[in-house]
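Got a structure here, written out as structure tokens. Questions coming.
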Amino acid sequence: MTDRRLFTRKLDLARGAVDMSHGSGGKAMAQLVRELFAAAFANPLLDQGNDQAAFDPPAGRMVVTTDGFVVSPLFFPGGDIGSLAVHGTVNDVAMAGAVPLYLTAGFILEEGFPLADLKRLVDSMAQAAREAGVSIVTGDTKVVERGKGDGVFITTTGIGVVPPGVAPSGERARPGDAILVSGTMGDHGVAIMSTRENLSFETDIRSDSAALHGLVAGMVGAVPDVHVLRDPTRGGLATTLNEIAHQSGVGMLLREAAIPLKAEVAAACELLGLDPLYVANEGKLIAICAAEDADRLLAAMRSHPLGAEAAVIGAVVEDSHRFVQMETRFGGKRIVDWLSGEQLPRIC
Amino acid sequence: MTDRRLFTRKLDLARGAVDMSHGSGGKAMAQLVRELFAAAFANPLLDQGNDQAAFDPPAGRMVVTTDGFVVSPLFFPGGDIGSLAVHGTVNDVAMAGAVPLYLTAGFILEEGFPLADLKRLVDSMAQAAREAGVSIVTGDTKVVERGKGDGVFITTTGIGVVPPGVAPSGERARPGDAILVSGTMGDHGVAIMSTRENLSFETDIRSDSAALHGLVAGMVGAVPDVHVLRDPTRGGLATTLNEIAHQSGVGMLLREAAIPLKAEVAAACELLGLDPLYVANEGKLIAICAAEDADRLLAAMRSHPLGAEAAVIGAVVEDSHRFVQMETRFGGKRIVDWLSGEQLPRIC
Amino acid sequence: MCLAVPARVIELLEDDRATVSLGGVKVACSLALVEGVTVGDYVIVHVGYALSRLDPEEAERTLVLLAETGTVPPASDAA
Amino acid sequence: MCLAVPARVIELLEDDRATVSLGGVKVACSLALVEGVTVGDYVIVHVGYALSRLDPEEAERTLVLLAETGTVPPASDAA
Amino acid sequence: MKYVDEFRDAALARGIAAAIAREAATGRTYHLMEFCGGHTHAVSRYGIPDLLPDTVRMIHGPGCPVCVLPVGRIDDAIAIARQPGVILCTYGDVLRVPGSGRVSLLKAKAEGADVRMVLSTMDALRIAEDNPDRDVVFLAIGFETTTPPTAVAVHAAKAKGLRNFSVFCNHVLTPAAIRGIMDSPEVREMGTLPLDGIVGPAHVSVVIGSRPYGFVAETYRKPVVIAGFEPLDVLQAILMLIRQANEGRAAVENQFTRAVTPDGNQKAQRLVADTFDVRPSFEWRGLGSLPDSGLRLKEAFAAFDAERRFAMPGRAVPDHKGCECGDILRGVKKPSDCRLFGTVCTPENPMGSCMVSAEGGCAAHYTYGRFRDHR
Amino acid sequence: MKYVDEFRDAALARGIAAAIAREAATGRTYHLMEFCGGHTHAVSRYGIPDLLPDTVRMIHGPGCPVCVLPVGRIDDAIAIARQPGVILCTYGDVLRVPGSGRVSLLKAKAEGADVRMVLSTMDALRIAEDNPDRDVVFLAIGFETTTPPTAVAVHAAKAKGLRNFSVFCNHVLTPAAIRGIMDSPEVREMGTLPLDGIVGPAHVSVVIGSRPYGFVAETYRKPVVIAGFEPLDVLQAILMLIRQANEGRAAVENQFTRAVTPDGNQKAQRLVADTFDVRPSFEWRGLGSLPDSGLRLKEAFAAFDAERRFAMPGRAVPDHKGCECGDILRGVKKPSDCRLFGTVCTPENPMGSCMVSAEGGCAAHYTYGRFRDHR
């Protein structure tokens, strides 16, 4: 089992407790999912380990995905929990190369939450859905007592159809493949952090929260055989690439200089001692494709507004250690490891 | 608009606040859903107003539904939040006459929640899914800080396929139709209440939490044209019947003596001053069908273990006021109205 | 608000309290307002306190009376 | 732990504090540990405090030195 | 449920209903007031009007302590609950009653006040013991039934030396309310409002006995039948009242003999007398100020009296101008006579006292009986 | 970012690297210790080893205050945090350090303790002002860089008359640690461990100046070059150290002239001297007890000293027996020489001090450099 390599010690299911790292998108969460949820629920679809399950319904190939949204603050520069709950799930659908069709939404509201705020975020959610061309077709509302929630939590589920011949999946990265990203890294996480009371700094950075299925449609049109698509949300680019490397049993070699990064994001990270490669994105994707398809894919990405700053950032390499390495801007090499513990609280 | 009749005053979206009644399954929640969510999300599928959205996918007729589970306590006689999260959503799929296929699960965990408890409820969830023959095909985990959640919240989404010719829906109740229930009312809510610190009483009542799609399969086999199926969860039988009456634009006339009720449930309600018709169920359904189909439907229900105590409890009548009336056991008549405010806290 | 139920005392507890049963459902209640209650007695329980004993003989008498009143064949209707 | 960044003072605030800017990102910091800092100065900011002024001339000198060292054509390699 | 189910028997109900129909067939009408919310609830929930001839009309009286609690007192309770460090405990029925600006204790809770539902004064005491650094206030409301448990709690708190427990006392007295109705001009001047008898309190009488109603029969010449809260109890009491009326008698009779004696529970009465003083007057929502109708803690228990410990607005707040509760409580009008009924005023948005709790006349009619307005 | 990006220039880096390669081509090897975690971080994160010839070897020194904090002090902090009413504030780096039984402050928080991350002592003060009924304890850790902000907070608390603020002081002194390493037998007896120079602290020196390192050159005859934390600063310092070594010199040189002066920030130094006393000795994780190496609050600030205000276990807790940190810190061994490295001991489950924070030698190697062990 490869798990022994990834996780030093087994989860202490008898005496341990959940801590923030279990939800941070890093290794601790991967372990929780692997050793607890995946072990308990085991079935072929879940075992694929993607953010979405692709299944053959009575007819046609469809995908379904679900995500909970607990971001704090609820409103942030460039979005709010409502639009985020649409974009996040639309994107997980899109990362299967799919066209998203329907969303469901489950709300958990805290007693005392202002209706005006609720309306504001519900309107924003509706607008995001309209713009993305998806319908929120069913939902649920629960209210918990004051002090048992945090304003609003939203869980959305998305369903989509995959065009024939398209089958990106986390285990399809092959040595030689090119690794691309659709734009600058870390904008969302920095926008969230800038609003947090105890971190507060001033910046013009806005969350990149956006629905990526339009971009994806162009990409799979140009390169139907794109091997992997994934959105680097919690845990950022670094963690997502490690997930893929692990799933595909490959290594990666990135070029730091090629990774798009806004100057202000870099500065904010400098200030906080953070690495932007671990900072969350909500409107960016990673694509991995055969080297010979890379130019075509890059062109397709750049021709879409959400991929205007797309770039090839590295290549998949053979590596039994599954290291994601990076040639630094400075000229040396380093590992770009999984996020360990939590970088910062609740960004999605 | 019929809303003016149902809701005395418009929701105060400028200055109001969420309170417990908005999540209690009663009228306040119906209003919140109508005036806020439905208004914002408006689309033909959502507008059907069912607990699930039936849609025509690329091929074949499928349903998807979502429910959040915030029950307190997490473990209760006859189940736990894990099994409940499976049964509740399987049942909302089944209430479309559908065969449930897949579930998704989103977890919102509170920092500090014991892993042992988490494992226990995840195992229970897995077992419930296995027994129901559905797969949990994708999921999501979030962790919130201590004091921002309540141990565990689970949101599940279910997807199912509807057999051809089957199309139960809340707006299909017609005067003359028979109203049936599959068994005793209020078991779940009473089981939950019995465990609550400030109510604590001793009883052998266990939650009826169960997956009803097997029962439904038999029912739609016998009577494909069943008009309405719905599970009387939050708000109980009374509120659910009012929802249907309102949706279909009809009245109902129940016979109290025909409504199955466990003696202990009746006693517990007596003790707490509650009406069992408003107490939640998690393993019971309401069926409405043409009068001439009632015997066949009842026989099909009774032949299934989960419908052994099924009964015809009344009939749909013409009534422009959409009153649900009941001939009391005592011989008089009364209205069985929507739940107003909250009956008791967090039962699903 | 004045909701009260007749329940059977099934066990005396310390602190002048008792377990009572209503239709198989058991709850604790205070006996601070009543005197000499023993196991087997029926009490009227209100907001967690027994307000008084219920008199089984009087209950029987009322039921008999109800039955007599209710079953006197109403000559005009019964025809 | 000793993380500190060079930031430009863009505004003096009350309470011996200032707004500083790093690459367009603005934060407040304390001037309690430094003296005579004015707008336009660069300071080294650590855990919310300016630890000292940064000397632009020395920085320039270091960069010149780095450039000289780094660009002396390495005869053997350049061939 | 022994002593419950027997008193809900449908066959017996038909028999008593037939007897009522027979004996009421005198060509006259019978206006009978059930004083208690418990009776109002039974009448409405079991559909008793359908079992009665048209000549027998039930008037829903003021016997719902939640309904008659003045809005100003709710405001006071909310003001207490909002003070830092306070935990306000009360019975569930009270939580939803809107005070000024539609703010109820539940809303105050949603906004951050620590308001807790209890099922018993013992729970409130336990909360005080468990939270020594918090101020636990029990919002006490109710008639004579509910008063003794409050008294027990106050004595227990004193015995335990609890310094963080107090009671915001809103206990009221039934006979004073009956006297208030009897003294109203509409009832006194027989022409305006016919009142042919009163279904007397069930559990209140368990505590105070049947004697305190003597004045109704003696002074006001009205028949009283104390009745249990089960529907057969109510039906039988109606029959007994009709018989008194037919015979021209006015006596206090006891249908609820299984629980009510002439003297009531004297231990409870003594405890109440030792704990509370009668207030010179107290405001009843819908009825106005009534003399000698409310209780407050005795001086000896001043330390446990929230009215002495907490500042509160203490303002009187009038009901909606269009509210007809006063007339409805005396039987001058029916709920459906109120222009606000079912449109502006509903259980979700009560405008007057009778719509406030499920046991109020308007609320009971709305919740259980309004279909009758349409047939 | 001005004064940042210039010092990360790849073209200049290639030039300096070439100069190093040229000047280090003497047939000998160079063992250079970067004292600071900041340097360790820069070396690892920018991949500096790939720019150095094989003959230049960097030793990751003990200059990470989080790493050297003894486990027993973490236990003490957790014990304080768990006391009712306490809010424990500290810098984010400390939260994940496991104490005994793998319990970190983060775990204590998950279990209910009120532990808060702050970015500045000002935040901790504000929390104390905002929570007058809580006891706010600032867990102060760090070298001379981080000490003056703690001093400012203590003075501010005194000026504001805050009675609910205290400091659990774990500030330590850099020169004492360097002396500790120099005095270790492996370094003293030149045969065992070659140490050819020290990259001196950047921001510590901003505060204390370059003078305090004189003894290293004078007493121990080792070259010191104070360097900034940017990668070009480090590269240049390495070149300067190689030149000193090649020339047989041992002097304190300053590469970081843009921020470091010989005398440092005297205002900050005075404030520190007014606020703290040097402890006779203090334990450093990985190095053991070092004389005159730690600070505590002066008697005049006793009211703000958490060590005097709170009971705590105060127990010494040894590291894992197999941990080689002591040898690694002195350059006797490399992280990959430890049998526990990367298997039993990882950043998620650190067994020794060097794995505790991203700036520790083992952690930096694990996180950024372990691929080199496999090629």
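As written, the chain order gives the labels A, B, C, D, E and F, with residue 1 at the start of each chain.
One rule holds in what follows: contacts are C-beta pairs under 8 Å (C-beta built on N, C-alpha and C of every residue); 3 or more make two chains touch, one makes a residue touch a chain.
Please read all numbers here as calculations on a predicted model, not as lab measurements.
For the pair chain A and chain F, chains touching both partners: B, D. Ranked by C-beta contact pairs, the top pair of chains is A-B.
Each chain gets a centre from the mean of its Cα atoms; the one farthest from the centre of chain D is C. When the CA atoms of chain C are superposed on those of chain D, the rotation angle is 180 degrees to the nearest 5. Centroid to centroid, with C-alpha atoms defining each point, chain B and chain D lie 64 Å apart. The distance from the centre of chain B to the centre of chain C, each centre being the mean of the chain's C-alpha atoms, comes to 35 Å. Chain D and chain F have CA centres that are 21 Å apart. Counting partners per residue, chain F has 1, 4, 13-14, 110-111, 119, 123 as the residues that reach two or more other chains. In chain A, the residues that reach two or more other chains under the touch definition are 17-20, 111-112, 263, 266-267, 270. Along chain D, residues 3, 5, 22-23 each make contact with two or more other chains. Inter-chain contacts occur between A-B, A-D, A-E, A-F, B-C, B-E, B-F, C-E, D-F. Of all residues in chain A, those touching chain E in their complex are 111-112, 146.
For chain C in complex with chain B, the residues that touch the partner chain are 3, 5, 22-27. Residues of chain E that touch chain A in their complex: 109-112. Against chain D, in their complex, chain F makes its touches with residues 1-4, 6-7, 11-16, 18-19, 22, 36-38, 63-66, 91, 93, 119-123, 141-143, 145-146, 148-149, 152, 201-204, 206-207, 229, 232-233, 236, 239, 255, 257-259, 264-265, 267-268, 271, 357, 359.
Residue ranges of chain A in contact with chain F, taken from their complex: 8-9, 17-21, 27-28, 198-199, 257, 263, 266-267, 270, 272, 321, 323, 325, 327-335, 337, 340-341.
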